[in-house]
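Think of it as A, B, C and D in the order they're written, each chain with its own count starting at 1.
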Amino acid sequence: MAVETKARKFLNNPADLVAESLAGLAAAHPDLLRYDAAAKIVVSKGAPKQGKVALISGGGSGHEPLHGGFVGIGMLDAACPGEVFTSPVPDQMLAATKAVDGGAGVVHIVKNYTGDVLNFKMAAEDAADDGIKVTSIVIDDDVAVQDSLYTAGRRGVGATVLAEKIAGAAAAGGADLATVSDTVKRVNERARSFGVALSSCIPPASGKPIFDLPEGQVELGIGIHGEPGRRRESLGSASDVVDVMVEAVLSDLKPAKGARLLAFVNGMGGTPLIELYLLYHEVDRKLRAAGLEPVRNLIGSYITSLEMAGASLTVLELDDELIRLWDAPVHTPALRWGI
Amino acid sequence: MAVETKARKFLNNPADLVAESLAGLAAAHPDLLRYDAAAKIVVSKGAPKQGKVALISGGGSGHEPLHGGFVGIGMLDAACPGEVFTSPVPDQMLAATKAVDGGAGVVHIVKNYTGDVLNFKMAAEDAADDGIKVTSIVIDDDVAVQDSLYTAGRRGVGATVLAEKIAGAAAAGGADLATVSDTVKRVNERARSFGVALSSCIPPASGKPIFDLPEGQVELGIGIHGEPGRRRESLGSASDVVDVMVEAVLSDLKPAKGARLLAFVNGMGGTPLIELYLLYHEVDRKLRAAGLEPVRNLIGSYITSLEMAGASLTVLELDDELIRLWDAPVHTPALRWGI
Amino acid sequence: MITEQAMDAATITSWMREIETSVRSERDYLVQLDAAIGDGDHGTNMVRGFEAVVQALDGEAAAPPGRLLILAGRTLVSTVGGASGPLWGSALRSGGRVLGDQPTFEGGQLVEVLAAALASVKDLGAAVVGDKTMVDALEPAVDTLRTELAASAPLATALGEAAEAAETGMRATVPLQARKGRASYLGERSIGHQDPGATSTALIIRALQRAVSAAG
Amino acid sequence: MITEQAMDAATITSWMREIETSVRSERDYLVQLDAAIGDGDHGTNMVRGFEAVVQALDGEAAAPPGRLLILAGRTLVSTVGGASGPLWGSALRSGGRVLGDQPTFEGGQLVEVLAAALASVKDLGAAVVGDKTMVDALEPAVDTLRTELAASAPLATALGEAAEAAETGMRATVPLQARKGRASYLGERSIGHQDPGATSTALIIRALQRAVSAAG
């Protein structure tokens, strides 16, 4: 199945991309994690830790550093990467669950996509059969999609990163299975996201863009799988774009006046940092103008769509507890502080 | 000068991009730095620190996080960002030098471009007139350019990041002006880089790509200013590309057999992490196959060309001292560990 | 109700081979359909899965047909991922369970196999006809097969009608707005595109007809 | 050596205005030349610099011409950046110093002003004719102006010849391989392109001719 692609990519055989990239991750961070090529999972070097609730997540690849780049200390215990944009298979989640279970139970953080939900569900059933306590929490923070009978519900996007960090800190701090699960839920309930794209990405297997977006156009309300958005408009200034994002997120989140927020400006993979900080400049101003307090932030490309040009905004309403967990030490390839 | 661009960018007025992005940087990291909009410099919150040698750097913008993202604790004391791809003016370097001088002298880390060298030189002369001890060290690690009478010498690229980190640690550790300057020099002497591009970038002022690189082609031997490379070839596999990079770097660096190395795989801004780790997989293998030991690494987009798709490899030959300084705590927007 | 022909393990093996050939030759088309309203991997997913199924069945010449279907379903679950992996994986497993360990089966039982597969898909995915999913092709196929056989049509003919019903259902997804799966995220923009899962489902039923006819 | 016309502060001011108009109208062209063998900012750099110069000189009607040149040079240093900022900035400052505080100057002194500017560029940038830089336009311009005035040509004519010499030098950069500045990184790929700095230098000399002729 050697599809020769001449897209603008560093690539050997497209079919080997995920495995080779994960091998690189493991070679670069042997102090933090290992890559089990047979089971296709990334496992924290410290796992299993007896008595600690373990956290695993997974999903299609192409969203790097999500999830493998968040395995380490104070965040995920294992990650299950599928093919590019294709959810992993239950065998991976089962192997990961067994590899990290320290007797205190395992939390599955699942992004709300039919494929992810179904595959994780099968794995959780198998793990339960093996006597492992598993809870699954579905992340669905994307306000671009209405949660109704007529959709598969909201997608899980930026809040996933925040939930992994915050719940990872709870687990590292000794919280029990119910508490860690609740922490994931709480982050999901208090977080909302909205994404926009300035270009399509190019899945390596096909070597072709998924959609064709002319310059000067923007896709509003995209997810992280390179799919087109809810609607296409002509591209305004960065300030205009941020107006749309902030309005979409706040009108749904409805934070309390004066609420303390974490503002997460995320690049989709092909947007450079100079633009992300320009966006943050606008986000910070507009949140403050709305009477809110962005007391924490995260700016960078953390949950991506390959080389897509674009960005998403995630806003999480904080409280003392969430701030404490956010600030707690973390040491993973992609997120590190306090250690 | 409101040039309307409809390129795939988040942008207000292109003329405001640098200032707005730096305002975003400062809004996001008030604990680490401030942006002096009048002087157009980014200054560490802790500066000036009496008795500590101060480190400043600067250059054209468009290379983010370089340099503003490296201001903070254990790295730069100030950064002087010019317009996109245009070196800053001496007034900026002079203001920064004055702002951070703690009496122990100031080191200017200058990338070897005619513009940077000349502007920094003027600033250093002015600072000397004001009684500040300044040393200027020029970084020129790019092996794509022969250092001869017939060129402006090698360009300064990836080694700049490593020099800023390592010399920043030396300065934080209390080393004197001569020692810190020597540390920068030592990093420069032991580091070599080589970069490749898969696409041009798009300077915001013109809104047009600098060169036109068809899919399936690669520019070999590029710098960080969007300029075309030394030669254009058809794009091979990632393994082929890394062969070229490793050969170019090692044949010039000539590290000792068994040497301990820092391998820095850098994205040019538009290349996603999944590809950078794929490249690292190849780099790690090939360095080991050459009998060398990559004991430290850095993987990510740290010295970029706007949204260019591409990557560079920098190899630094380490010793105990350099390893200790590399591992020392650092806390900046873009690089953080140990704190 | 009498059907002229008993099926066995070989029928299942050749069905899976026919599917593999078919999705491989239609891979790019399925990818293209999925790129329009999904994430562009459906063709790759199906090919990866059924290549693995064919390989897995290779060593299982002696197993009864129900076991082969269960093995095929497990293999899909373990290799496909995405939405289609668990859905088709469970479908084949449920279908296989209907046959237990019996060495042969007839048309009436084939209907029960496919009905169990459909029930499993609907149970897992909670989609109904009209949601613009594989159910839009699978349900009419099962209904038609049951009706045709009840009316004593020869199995090959009945399967031909079932495949046509699947293809009609597939085409009928074009004007629909998706209510399940990724395409639902597009809202009204999903209208005007044919559902990739319904398309591969029609290929799967057509492959069944070929497998049975070739043997018959 | 007699020149028919004394120049003063107004000559400098109108020279700077002529430059500003000229680089502004040629901005895209300069950017394009620089994109081919540099980094695509030369047009933007020159416009930013000379816009600032014109603004800075606006409040300085009473200053002597040498002071205006020094102020212009300082302004370029403080606003342009890149290679061209320090080079042209030092050039104008060095040129201005030749005139001291004298209220007027003549052709012979204009030669000395430009010669000092050239010397300053060569000193800072270490480029010689043939390296494919602004020196390739500036040096022949200075030489021609000196020779023409020595041969008692009228100033306006001499400046016309100097501007032509600059343009010839500019065109002569096309076949050269760059040995200084960014273009040198390209090695042989710099051949076949006209140097942007030589091009703006030719505009600057042509602007001087216009400034002097308009006043004359």
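Keep this in mind: contacts are C-beta pairs under 8 Å (C-beta built on N, C-alpha and C of every residue); 3 or more make two chains touch, one makes a residue touch a chain.
What you see is a predicted model, and the numbers here were worked out from it, not measured in a lab.
Q: Pretend chain B isn't there and tell me which chains still hang together through touching.
A: Remove chain B in thought and the touching groups are A, C | D.
Q: Could you tell me the distance, in whole angstrom, between the mean C-alpha positions of chain B and chain D?
A: 32
Q: Report the inter-chain centroid distance for chain B and chain C in whole angstrom, where each centroid is the mean of the CA atoms.
A: Between these chains, centre-to-centre, one finds 55 Å.
Q: Any idea how many Å lie between the Cα centroids of chain A and chain B?
A: Chain centres of chain A and chain B, defined by C-alpha means, are spaced 29 Å apart.
Q: For chain B, what residues touch not just one other chain but two or more?
A: none
Q: On chain C, where are the residues touching two or more other chains?
A: None at all.
Q: Hey, how would you classify the chain contact layout here, line, ring, star, complete or other?
A: line
Q: Please list, in label order, each pair of chains that touches.
A: By the stated definition, chains touch in these pairs: A-B, A-C, B-D.
Q: Which residues of chain C touch chain A in the complex?
A: Interface residues on the chain C side: 28, 31, 35, 37-41, 44-45, 47-48, 77-87, 124-125, 177, 179-182, 184-187, 189.
Q: Under the touch definition given earlier, write down the residues of chain A that touch chain B in their complex.
A: Residues in contact with chain B: 6-12, 17-18, 20-25, 27-28, 61-62, 64-65, 69, 198-199, 215-216, 235, 237-239, 241, 269-282, 284-285, 297, 299, 301, 304, 306-307, 309, 311, 331, 333-334, 336-339.
Q: So in the complex, which bits of chain A are touching chain C?
A: Residues 1, 60, 82-91, 113-115, 118-119, 121-122, 144-146, 149-152, 155, 203, 205-206, 208, 210-211, 223, 225-228, 230-231.
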